[in-house]
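Shown next, in structure tokens, is the structure this report addresses.
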Amino acid sequence: MADLLWLIPALPFLGAVLLVLFGTKLPRTVAGLVGVGSVGISALVTIILGMDFLATRPAFYQQEVWQWFSVAGFSPSIGFHLDALSLVFIFVITFVGFLIHLYSTAYMADEADFSRFFACMNLFVGSMLVLVMADNLLLLYLGWEGVGLCSYLLIGFWYKEPANGYAARKAFIITRVGDTAMAIGLFMLFQLFGTLNIQSILSDAPQVWPVGAEGALLVALLLLGGAVGKSGQLPLQTWLPDAMAGPTPVSALIHAATMVTAGVYLITRMFVIFELAPVAQLTVAIIGAVTLLIAGFSALTQYDLKRVLAYSTISQIGYMFLALGVGAWSAGIFHFMIHAFFKALLFLCAGAIILALHHEQDMRKMGGLRHKMPVVFWTFLIGAASLAALPIITAGFYSKDQILWYALAGENGNIWLYAAGLAGAFLTSIYTFRMVFLTFYGESKTHLEHPPGRRITIPLIILAVLSLVGGFIELPHNFGHVVLFSDLLAPVLPGISASEVLAANEWLFQLLAAVVSLGGVFVAYLFYIKSPHLLHSLERSPAAMRLHRFWFSGWGFDALYDNLLVRPYVFFSNLNKRDIIDSFYTGLARMAEGFHVIFSQTQSGMLRNYVMGIVVGAIMILTISLLL
Amino acid sequence: MTQNDFLHLMPLLILTFAALIIMLVIAAWRNHKIIYAITAISFVAAFLSLYELQDVQAYAIAPLFVIDGFAVFYIGLILLASLLISMLSYAYFEQREEQKEEYYILLILSSLGACTLVISTHFASLFLGLEVLSVALYTLIAYLRSRERSDEAGIKYLILAAFSSAFLLFGMALVYFSTGTMTFSGIAAAMAGFQELPLLLLTGFGLMIIGIGFKLSVVPFHMWTPDVYEGAPAPVSAFIATVSKGGVLGLLIRFFMEVDGFRYPVLMLIFTIVAIASMFAGNLLALMQQNVKRILAYSSISHLGYLLVAFLAGNQMGVEAVTFYLVAYFITTVGAFGVVAMLSDKERDAELMDDYRGLLWRRPWTATVFTAMLLSLAGIPLTAGFVGKFYILAAGVNTQLWLLVVMLVLNSVIGLYYYIKIIAVMFQQTEAGQEPLQKLRPSILFASVGTLSLLVLLLVGIGVYPTALVSLISSMLETFHPVALR
Amino acid sequence: MSTASMEAALLLAGILFMLGLLSVLIRRNIIFMLISVEIMLNAAGLAFIVAGTRWVQPDGQVMFIFILTMAAAEVSVGLALIMQIYHQLKTLDSDAANVMKG
Amino acid sequence: MILLWMIVLLMAGGLLAWLSKKWHPVLPRWIALFALLTDLALAVWIWLSTPAATLGTSPWLIRLEIPWIPQWGVGFSMALDGLSLLMLMLTFFLGILAVLISWREITTKTGFFHFNLLWVLAGITGVFLTMDLFLFYFFWEVMLIPMYFLIGVWGHANRNYAAYKFFIFTQASGLLMLLSILGLYFIHGSQTGTYTFNYFELLNTPLAPLAARLLMFGFLAAFLVKLPVVPFHSWLPDAHSEAPTAGSVILAGLLLKTGAYGLLRFVLPLFPTAAVEFAPWAMLLGVVGIIYGAILAFSQTDLKRLVAYTSVSHMGFVILGVFAFNEWALQGVVMQMIAHGLSTGALFIIAGFLYERLHTRDIRQMGGFWAKAPKMGVIALVFVMASLGLPGLGNFIAEFLTLVGSWQANNWLTVFATTGLVLATVYSLRIMQKVFYESAPTDRPFPDLNTREMLIAVPMVVMILWLGLYPQPVLDTARPALIKQLEAYTPLPEQQIEVALNVIPVDSNFTKAMVWPSTSNSQKSPLGIGALDKEGGRGMKGRQENMKAYPQNTYPQNTLLTDVNIPLTPFKGGLKTSKGDLKMIRKIKPRP
Amino acid sequence: MELTFYIAAAVAILSTIMVITRYNMIHALLYLVVSFMSVSVVFFTLGAPFMAALEIIIYAGAIVVLIIFVIMMLNMTKEDIQREKEWLKPSVWVGPAMLSAILLAELVHILTTSNPAQTEALVAVDAKLVGLALFGPYLLGVQLCGILLMAGIVGAYHLGRQKKKVIHRFLQERSAAA
């Protein structure tokens, strides 16, 4: 079975290569078939492998395709390692990826660069699969950068708009900042372990470092830097909202479901190092907590449908970080999976709406779509409910609840983290339902083009179902105690034990969470359906306006970076455009020319002066003779 | 005068007779071609007569001359250069209106003077050789009388040369006064007797340096150089740059080695200053110069500075390096002025940058030759100039003259600029198409094109395979009296 | 003659030499320059004779003869050239002959 | 003899190309192409016929000695090892591309053009082959003149200035090297009595510290200027941007590499101690170059100038790696030489394509070409990504290896060097943005790449991908040569201990377990700061509990370790280089 | 003898000073003759009577006369003398004079501080000795002198030849009229 491993990433790559080479010549249907088919087959292989894996429960599958290179003991391979953790990820990537590809064939049907789109998408899926299946950090890094490239290409897909190109560059560059930190982490790891093989690092790390070792801390923080960049966490989160410039399926696949969770994957994958560096782990938790709040507030204020979702994504990944930070590894991964379902769903729905409304993304110009697009409405509602973690019925409730619970009751948890998570949950349900109400309720403001076709609705429905039932594979103690998911991950990731004291009262906290989320829905209802005048009056107060502006701009991070880094860099770079060092050399040349001018004055052409020259020479010589 | 003396002086005698014969022939029948033929034949004959002398063992014709390997080599070099210059001159003067015949007499006489210099071992022969060279040169420089510049150059050279000769003579007199002898070996012996050099002797040397330095056109006695090069006919400029300087340098080496002037810090200091100043002044003056002949003049100043670096090394390797470099420099300079001569027309010499604009496209062959020459002057590989410069640097490094060596490097870089500036001008694209090949008479064609081709071949040949020349030089130097002495 | 005068003779040669030199420096007339150079050469010759006398050798006088020859040859060529220049420039001003410079 | 033939073929081809112009205007192109193809075939044949495994014993594959100027101890001495072989293949490959891209671009004086082209390549080939310092200098200079002509005759508007600058910079530095060569020659001669320029004999010349330092600086001058290293880089942007495309390709792809090659071949083995002393400064220069070049590249509006400054930045990695003195870094340097040659060459080629179509190099007048020329877009994208070091492309391997190596040598400088990756992203993406993104400023027709151009571009893409995904053949070829260069660095006492350690099998969780408790108190982190947390917090206990949380048997330790084939085979300098670790090692030594 | 020497020396110096300060060229030349004659007296006192004669014959005779011929051919006028006067302004000669003075001072310093000559008595070197030397060891030198003169003569002949008329006859007539 392990021999099939390479097929999973290879198929999308093959699709990408085919599309790059022959894309312009292929008819649209064939191109679409290649694009969707490659991911589809890959998903199929994944499922086959996954079944096998679940049936036999090996520790892992491993396959070395070839030795990448080998220099003085540094021998990373192009090799794949499949364990439960990777399995979850590749399942999400291929499966959700497949659905989104399918959806895209309809969504992008009118695009001129149809094949380019699928080429990039396939390339992305392939890279992402490499990322999660890599058996060494260097190969992981390859996938890591590969998805960054695809993200860049797809954000800038409509390249004619300069802003899109800008957003794409921003995404790439900011993530690259994180990647650089990560690269340094890799150097350190290599220096200490003599290898970048993930499994050997994980097994050797406890021997190399005692808990709390500074080396571990540094490595962990550096890896965290990479993770933070990719996952749009504080302080490198600013690129993600802008990344919505890409086509919506891209946002769904890359900037919601898969790529942005690469950071989560990385931290989880290297969990041993984080456990050896409690400070770093705490940092992860704090970053998650702060990010989820900040992004939540920003999401509240956005009008662009996709930007709301983008901030929501940042916020939800913040939850995952929080989970990882408190050591609730499997909870984080669980939330990742569920989030992938419902966020992809939400984006796809949003895409359907946007497509139907002539690429209108401003929620203020939407409204009343409930009856015009019933399928979209219902699926969106399900997704929203899952996002808002409405209790009992949605998968989001179970995954988020688990995180909140461990944030409080886990051995690394504390009340502050919990409070942040809870506040975030409240915000989440407000902005989520604000979105629902603004879009689907009220009066219709824009003419509807054409209702979504089947290739759009089928993925929606599938994802909606998953967003509902996905949660039932992992239920809390008092809810039947289903632990399928954490069992699956147990061989890979350490479990977490909750504080005994609190465990008795777990239901109380669940109730609290439920209340909070429902409260959020109610607040949204209050402001956007029941009595909009409340909102209007609120909007008029200057403090609120200022706050609104502040949140709207993502807490001013963009402006901060702009003023602190980008502008000075551009300024100094332009200042030195002509290269100050060069002027030293041109100065030398000028000096030589100056000497030439002076010297050539002596060549006056007058005989007497020449005689004088000889006399001066004579004096010089005699003086030297006399003096020495 | 014994028969042996005659045999050993054969090249010089041949030249003397050639001058006389030409005078007689002129009296009978003025014909450029015939006169030229006699000249060429006599140069060749003189050169061939050296064959007999190739294994000479420092044959002294006391007290004035000595014929040793060094002398034979330098005479050969001078004769070859003169021959080539005479070939260029033939092509050059054939197209001028001036009476041409006397030119050859003077050319021969001045080569004779140069040859005398390199075999001199006595102040008298030194002085006479120098004067024969100079007096003939006065006329050669001003030979094209219709040109204002020619006269101007002639008078400048005459006054300054006589002026510096006076210094030389006064210096010699002082040396003679303090040592009581005028032979080099005698002076060396007298100097060896002194604990410390008497001031008078030192002053004598100092004044002699002025006279020698003038002829070598080193700073600060260099000022005449550009004007004279510019005013003189191109072949004569080549002659001054090569034969005249080569002869004097040969003399300087012989004298300095004989008396072992390297022991005296004063003299070393003077020469060091002169060398550095020459390199800098030459190169900086040439830097933005627009007149090609002046550029070549300034470049010759700096090249003399380079040569002095190897000269100051003061050992066998230094002499070898000077000699080698001199060969390369001869070839290159003759070639460069040859191109100038070839491009010159009746009214004036081709000396302005504009005359060379787009030359590559108009006359590719000529441009290529000139490029090769300039690259050699700049010391770029595949040319003799490169090996020469390498040799000089090696000699300098060997005796650890770091200051001089570094200055040389620095100046090579400055020098590059104006050499490649000329090349760049030649390579500029112009609208003008390729000029139709000039319909030259075969004799002229042979004289100029043949000479230049030969020079390029030599240039590249030595540049690629210097071994032959190196071994020739070192074998010739084996009998060089002062070196053999040490 | 005593040693003192031997040196005095040399001194005389030096003074004459310097006077000639000074003259070359300050005169603009080319003929004057030529004359001044002759003075210098003459002074050099004097120095040779002094030296020859000192060592009781004929060599100094031989050199003087050579100098004479050279001076004669030089003056003849020089004068011919000066006549040329005068025909060209209509002046004997050495400063006027400064077409070539730089 | 085959080595000589390679050069002779190029030189003769050059002359023939020049002459053949008279017979037919296209003939020079074919002659040049043929000569280069033959050379490439020869080089590849050598490569294929010497399997990597046999390279191990002696790095030299072929040697050739012909006396040249015996009086001076100058011989026509050539030798080929893996490093030279790689460089040769790169030379001929890029040479072929240079001929192909000039096919339409160069219309005047084609004969002379190809003459110069082939002679530059001949000079470069000579530089990569020669083992005689005189000959080395000879070839070093030989390649300049034709290059000067390439720039000065066929270049763009400001070509004269650029050509002067190039020429004077390289000459000046070259002459300093000549002084050093001579110094070495005489020192060696006076010590041994044999005056020779032969590289092999000059190796291991004992030198006084000051002499070694000065001589090394002479060599460095030439190589650093050629590389170029900030602050000696200012000739490069002018030369690169004004040269015709073929010239830029050769400049960036090959000429700069001669500097790197010189560092590897001459500076390291000839002056081991001086090089070690100088290493921190050299690495600093590298880092400054990486960052400074990147900043300058960003602000350029002239596409070729931009790419030129990226070269400055990329070459910073080379010097950083060379002076890290370990195999990773040196392999990284070799990879960087090849990969940069390809990627930057390709970027210049693309700039050439654009110039042919637009007659401008100003990126402000470009934009939106993706729509019109998607093929060009894709190819440009590949090389832009290569330039910013995207994994999977050759440059990544190069830069990563270099940085891994330099990290072992100097942590902080490596950190700064790594920021260069971000800056590389900044300028590289600007190319894509300004040229291929946004909307087209003009509606001028803009044809996509034609067959000839694809024939140029596609092999480069294939090569750069190959280098990125399976560089092992290249690394294997270079390895013996690099090991040889490193041999001059006699292990310091510390390293000797480390070698001893490597004899202990380090699968040895056992060893480590034995080691750790005894040393955990004095343990220092690799950065040399005291460990933060010893017993506080969760301490060992908590960790052991964690270990319990997942059963040990899920890690089949032994198979795992053999699978990935790590510490079992001892490797030099890798596992334990940090000082703290060494301390620890010293401590355990007496124990067994 | 000694007195003669000093008188002659004084005359030589004075007349030379007169030479270099005269505006009229003929005057200067006459002073030059005086200078040469006094130098010949010095030669005589130094025991070189043959040279004294040669000095007068060749320098004072041949060379100066040659110069006078040329001056006469060039047809010097009063304006020329006036111009010489203008040329010889202090501003022109002060600087060079200082330089020469420095040089002279150095030379005097050197001459006076150097070792005294050892010969006590003056022994005349007569013409016979000189002749023997000339046609003994210096024979080749004499021949070279011949060559030197030949070069001078050929040169003077070439340069002194009347130039070909390059000006158009019409212009020439007009310039003759003017």
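The letters A, B, C, D and E name the chains in turn, as written, and every chain counts its residues from 1.
Note that a contact is a pair of C-beta atoms (placed from the backbone, for glycine too) under 8 Å apart; a residue touches a chain by one contact, two chains touch by 3 or more.
Since this is a predicted model, take the numbers as computed values, not measurements.
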Touching both chain A and chain D (chains): B
Steps needed, at fewest, to go from chain D to chain E via touching chains: 2
Maximum centroid distance from chain D, chain identifier (CA atoms): E
Central chain (distance from its CA mean to the mean of all protein CA atoms): D
Label of the chain whose CA centroid is most distant from the centroid of chain C: A
Intercentroid distance (Cα basis), chain D paired with chain C, Å: 69
Where chain B and chain C are represented by their mean Cα positions, the distance between them in whole Å: 26
Approximate Å spacing (C-alpha centroids) for the pair chain C, chain E: 5
Rounded Å distance between chain B and chain D, as computed from the means of their C-alpha atoms: 47
For chain D, residues that touch 2 or more chains besides their own: none
Two or more partner chains touched - positions in chain B: 124, 128, 131, 135, 138-139, 142, 145, 154-156, 159, 163, 177, 199, 203, 226-227, 289, 417
Where chain E touches two or more other chains, by residue: 96, 99-100, 103, 107, 110-111, 117, 138, 141, 145, 148, 151-152, 155-159, 163
Contact pairs between chains, per stated definition: A-B, A-C, A-D, A-E, B-C, B-D, B-E, C-E
In the complex, chain D residues that touch chain B: 68-72, 108-109, 134, 137-139, 141-142, 144-145, 148-149, 152-153, 160, 163-164, 167-168, 171-172, 175-176, 178-179, 182-183, 185-186
Contact set on chain E toward chain C in their complex: 1-2, 5-6, 9, 12-13, 16-17, 19-20, 25, 28-29, 32, 35-36, 39, 42-43, 45-48, 50-51, 54-55, 58-59, 62-63, 66-67, 70-71, 73-74, 80, 83-84, 87-88, 92-93, 96-97, 99-100, 103-104, 107-108, 111-112, 116-117, 119-123, 125, 129-130, 132-134, 138, 141, 145, 148-149, 151-153, 155-160, 163
Chain D to chain A touching residues, read off their complex: 165, 169, 230-231, 233-234, 237, 295-296, 298-300, 326-328, 331, 368, 370-371, 374, 378, 381, 385, 388, 390-392, 396-397, 400-401, 403-404, 407-408, 414-415, 418-419, 421-422, 425-426, 429-430, 432-433, 436-439, 469-472, 475, 479, 506, 509, 512-513, 516, 520, 523, 525-527, 529-534, 536-540, 542-543, 546-547, 549-551, 554-557, 560-561, 563-567, 569, 571-575, 577-578
Parts of chain B lying in touch with chain A, wherever the complex brings them together: 155-156, 159-160, 163-164, 167, 199, 202-203, 205-207, 209-210, 213-214, 219-224, 226-227, 265-266, 269-270, 273, 280-281, 284-285, 287-289, 414, 417
Footprint of chain A on chain C - complex, ascending: 21, 24-26, 28, 30, 33, 94-95, 97-102
